[in-house]
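Dropping a structure here in structure tokens format, bear with me for questions.
By written order: A, B, C and D. Residues from 1 in each chain.
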Amino acid sequence: MKIGFIGLGNMGAPMAHNLLKAGHTLNVFDLNPHAVQSLTAAGATAKETPKAASTDVEYVITMLPAAAHVRAVLAGADGILAGIAKNVTIIDSSTIDPASVTTFAELANLNGNTFVDAPVSGGTGGATAGTLTFMVGGSPTAYEHVKPVLQAMGKNIVHCGETSTGQVAKICNNLVLGITMAGVSEAMALGEALGIDPKVLGGIINTSTGRCWSSDTYNPFPGVIETAPSTRGYTGGFGTDLMLKDLGLATDAARLARQPIYLGALAAQLYQTMSSKGAGKLDFSAVIKLYRNEGDA
Amino acid sequence: MKIGFIGLGNMGAPMAHNLLKAGHTLNVFDLNPHAVQSLTAAGATAKETPKAASTDVEYVITMLPAAAHVRAVLAGADGILAGIAKNVTIIDSSTIDPASVTTFAELANLNGNTFVDAPVSGGTGGATAGTLTFMVGGSPTAYEHVKPVLQAMGKNIVHCGETSTGQVAKICNNLVLGITMAGVSEAMALGEALGIDPKVLGGIINTSTGRCWSSDTYNPFPGVIETAPSTRGYTGGFGTDLMLKDLGLATDAARLARQPIYLGALAAQLYQTMSSKGAGKLDFSAVIKLYRNEGDA
Amino acid sequence: MKIGFIGLGNMGAPMAHNLLKAGHTLNVFDLNPHAVQSLTAAGATAKETPKAASTDVEYVITMLPAAAHVRAVLAGADGILAGIAKNVTIIDSSTIDPASVTTFAELANLNGNTFVDAPVSGGTGGATAGTLTFMVGGSPTAYEHVKPVLQAMGKNIVHCGETSTGQVAKICNNLVLGITMAGVSEAMALGEALGIDPKVLGGIINTSTGRCWSSDTYNPFPGVIETAPSTRGYTGGFGTDLMLKDLGLATDAARLARQPIYLGALAAQLYQTMSSKGAGKLDFSAVIKLYRNEGDA
Amino acid sequence: MKIGFIGLGNMGAPMAHNLLKAGHTLNVFDLNPHAVQSLTAAGATAKETPKAASTDVEYVITMLPAAAHVRAVLAGADGILAGIAKNVTIIDSSTIDPASVTTFAELANLNGNTFVDAPVSGGTGGATAGTLTFMVGGSPTAYEHVKPVLQAMGKNIVHCGETSTGQVAKICNNLVLGITMAGVSEAMALGEALGIDPKVLGGIINTSTGRCWSSDTYNPFPGVIETAPSTRGYTGGFGTDLMLKDLGLATDAARLARQPIYLGALAAQLYQTMSSKGAGKLDFSAVIKLYRNEGDA
């Protein structure tokens, strides 16, 4: 297939490489020339604008930091919609708010194009290995149409429902994740303070009703799970600032929907405290530091 | 073995039956004559006081609603410590606060007895089937000593550490449980409000980082997990008032230890709201009613 | 003075009337023709676009629902900045986020204009009576320059500091307000449940350390303060949805600044719950309904 | 009058001195001999037990740290109820939970005595100056009967209603206080982060709807109110651990009453965090340190 790829950051670059490996033809665009070079060396064609990158292609994929960037790339001067042919499908793999997705899909439809939201989970590791999970929002037809392209970059291509439900799925999952991690943190720290061995406590929780990914795979207490970021100084995982971004999307979506998210809003403040203390780049499980008595007031 | 069993309620009665089935000899005591009758019909000997029930036995097991009852049965007039021989081991399977356990263990030690905390998980189903998990706090010697007795009533007999760590383990696990259930509730309700099919959302969470027992086994959204209480009108599970009791123990233990439990304290208020609306007997997963816009809980 | 006035809603219309009464000459613009008619009947000149309304004036005042509207009126096609002369001062009395103010001020400066944020408190009553409080962000010179104009509409014209601090002041005050109202609500409802007469409790709090505007002037318990909205069915005050908007601004500003606002984020969820139950138009003190056991809000 | 006084701590000692100054005859009891000496030097008679101190008196006043102490002094061996004559009135000025008051009043009634709860506000300063506020729970007759005695120690003697409502009033007031102080802290810290001068922000809040004692009298930001503990390093005010005790009483009372106190429960965790960091003896307004970015994660 002929594909335009916009956004070659930590996630986008390895995803684009996997498309090339799978034999697709790629136009690429990014503001960062180093990122572009790595892809042209692998066979992609560099383009000067998003508009140029999306001319004469069958699919456009965007992988950008926030909704404002997607909007600019889509509808700004030299944006995609100014250059694209009818019937081209735009796949946005950025993590953004569902309301923006709806707006972008309407804009694309007016232009004769289909817009599919397809945010991912799996991190940079999954992007490189081509094992990402894609959560796809769009019609059944659109889902079938994008599936073969996404399969070059991921292992699980899940159809979540109509437009924007891919973002909804991602946001809701990460809402649970942000809450369970902070919850496990307070239980592990309480247990430590009350004199139980953290490994024993972790073992009990992981075989009981408190069992969760945040405890059995990513336990925030150092040493409980050998492969977790907590055991290597909270490095190399899912950063606190990224969790904060996703909880921000959840908070905003909930506000628009007039849905309360008591625990989610509170958990967001805990990660915000970590970020304000300079720990925004640490893995989000470092939130346990707020509970363990290691510092001064 | 010769065992005194005090407290024949919803949990205690089936536990005592299982001890009889395993061939142990039982003295039983309860204020409720019906509960006593069921046990004497099965071969137990009824006694008039806790003191009488704990005379000439090797073990005493208590299964009572709260620390105040354990205190009365232990140290009140006609209490256990007034009648018991030296070297008898007292196993308390009630769920109570760790600080009380420490006090009771000291009282027992002064009297020449060993006091072991061994709260359970598994509910009335596990009590009847003899598949409970026992979380045991006490010395390694005490653990080995009580293990064969507990095996007649449960499948997993876990040594959590020194005295009171059994309670710590149970409280910390249920703290995580109370938080994850409320967290999954707000995510499922948010997803519903944002237009994703709850079964699809549940499926995504259950195979992703939001995975937890509260979602994959006991999902609060009706119909997502066929065997969950949510699918049968929130009946027959772990009652809201019981969760409230356990979160109360966690809150109190945390206050004594000067440990913050932000999410736990907030989750407790959510279950308290449910209880104040008359839903205290519903399964605790009914907390999702606070998030779904159905009007009154 | 010659003034352009954009935005003739519940607040803007009476403010514009007060400017006319004070002898100023007014160009007005609003999408709603009825709102415009009321002002032209009083002597203002209707204009077809924001641009036209801001041509040949000394000041432009904007009073709009949200930052997106201010952005459109300022920088959109037919926007103010396209028609305005250099050295004209733009006064924005909308309540919006401080970050947008900074952006708008930069845009205005590039165009040779001064942008002053001047959000108000005092409600529609104060707007009509000309007794609003204006919280002004801008240089001392800009403050002195706008003061005489604002005095035609308000009683207190407070200089809060440089650009955007007017919004900061308003947001921070309303953050405290949203928290104290919910706090007083839970204390009053707890007191009621524990058997103290609410009027007696209100009297004690109001002469003690719990004293606050939310208790001594606007007490949420019906009958404690005769003039409060609670005593007239929670009508005619500061609507729940408006409080929700302001707490949303506080939450967003705090997120950008990486500042935790634990209680504020939680209070926002309480008002969100009220709004989701259809109570968004009731006075925000109706939040006490979440605490009093009356069933549905 | 002839009065027995039990509990000569930081509060009790100056209160007892004021009773002596007013011409009353005092029997005193305390476990601390130094505290007793200071009172006997001023004319009081030392007694060996609470029972002895309450023999041949018209009133007994207790001023103790917690409900467990009141219970011991009342109903323990050598307790008051063992020695007291019928018709003697017992005034408990300790701050304890309302449910315990009800139990103690029943015990006293069975013995032919009246039990009045009369917790105080005003701190050690008010105790020394004789300007305390007493919040009295009891029948109108009991209130009239204790009023002249309390007037020797306080300025405002407020009748709150029937037995236990004195404690309810104190708990509910301090619940509001704990919430408003944390709320003002987050608003002041947010304002600081967003660039407004804290004195200006304090001034605006104090003349607007955010006005409260925690802002206009005891503002947690150093320098805003010259006489507040924040301006002298958070020393010499109402200690964090005392606030924590009172919020604990509120939490427990709310749990018993099945009343949610969302913000109160969360505020308690904030003070608990302060206490866990070793700041339990600082004034409770030091909670603002959790919001100002002065420390590491």
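Simple rule for what comes next: a contact is a pair of C-beta atoms (placed from the backbone, for glycine too) under 8 Å apart; a residue touches a chain by one contact, two chains touch by 3 or more.
Just so we're on the same page, UniProt names per chain: A, B, C, D = 3-hydroxyisobutyrate dehydrogenase.
Keep in mind that this is a model prediction, so the values were computed, not measured.
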Higher-contact pair (C-beta pairs counted), A-B versus A-C: A-B
Centroid comparison with subunit D (C-alpha atoms), farthest chain: A
Interface sides of subunit B and subunit C: same vs different residues, half threshold: same
Between subunit B and subunit A, distance of the C-alpha-averaged centres to the nearest whole Å: 39
Centre distance in Å when subunit B and subunit C are each reduced to the mean of their C-alpha atoms: 51
Gap in Å, rounded to a whole number, between the CA centres of subunit C and subunit A: 36
Sites on subunit B at which at least two other chains make contact: 254, 258-262, 266, 270, 273, 276, 290
Touching residues on subunit D, where the partner in the complex is subunit C: 98, 121, 133, 135, 156, 158, 160-162, 164-165, 168-169, 171-177, 179-180, 182-184, 186-191, 193-197, 200-201, 203-205, 207-215, 218, 250, 253-254, 257-264, 266-267, 270, 290-291
Complex contact set, residues of subunit B against subunit C: 262, 266, 273, 276-277, 290, 293, 295-296
Parts of subunit D lying in touch with subunit B, wherever the complex brings them together: 244, 248, 251, 254-255, 258-262, 265-266, 268-270, 272-273, 275-276, 280
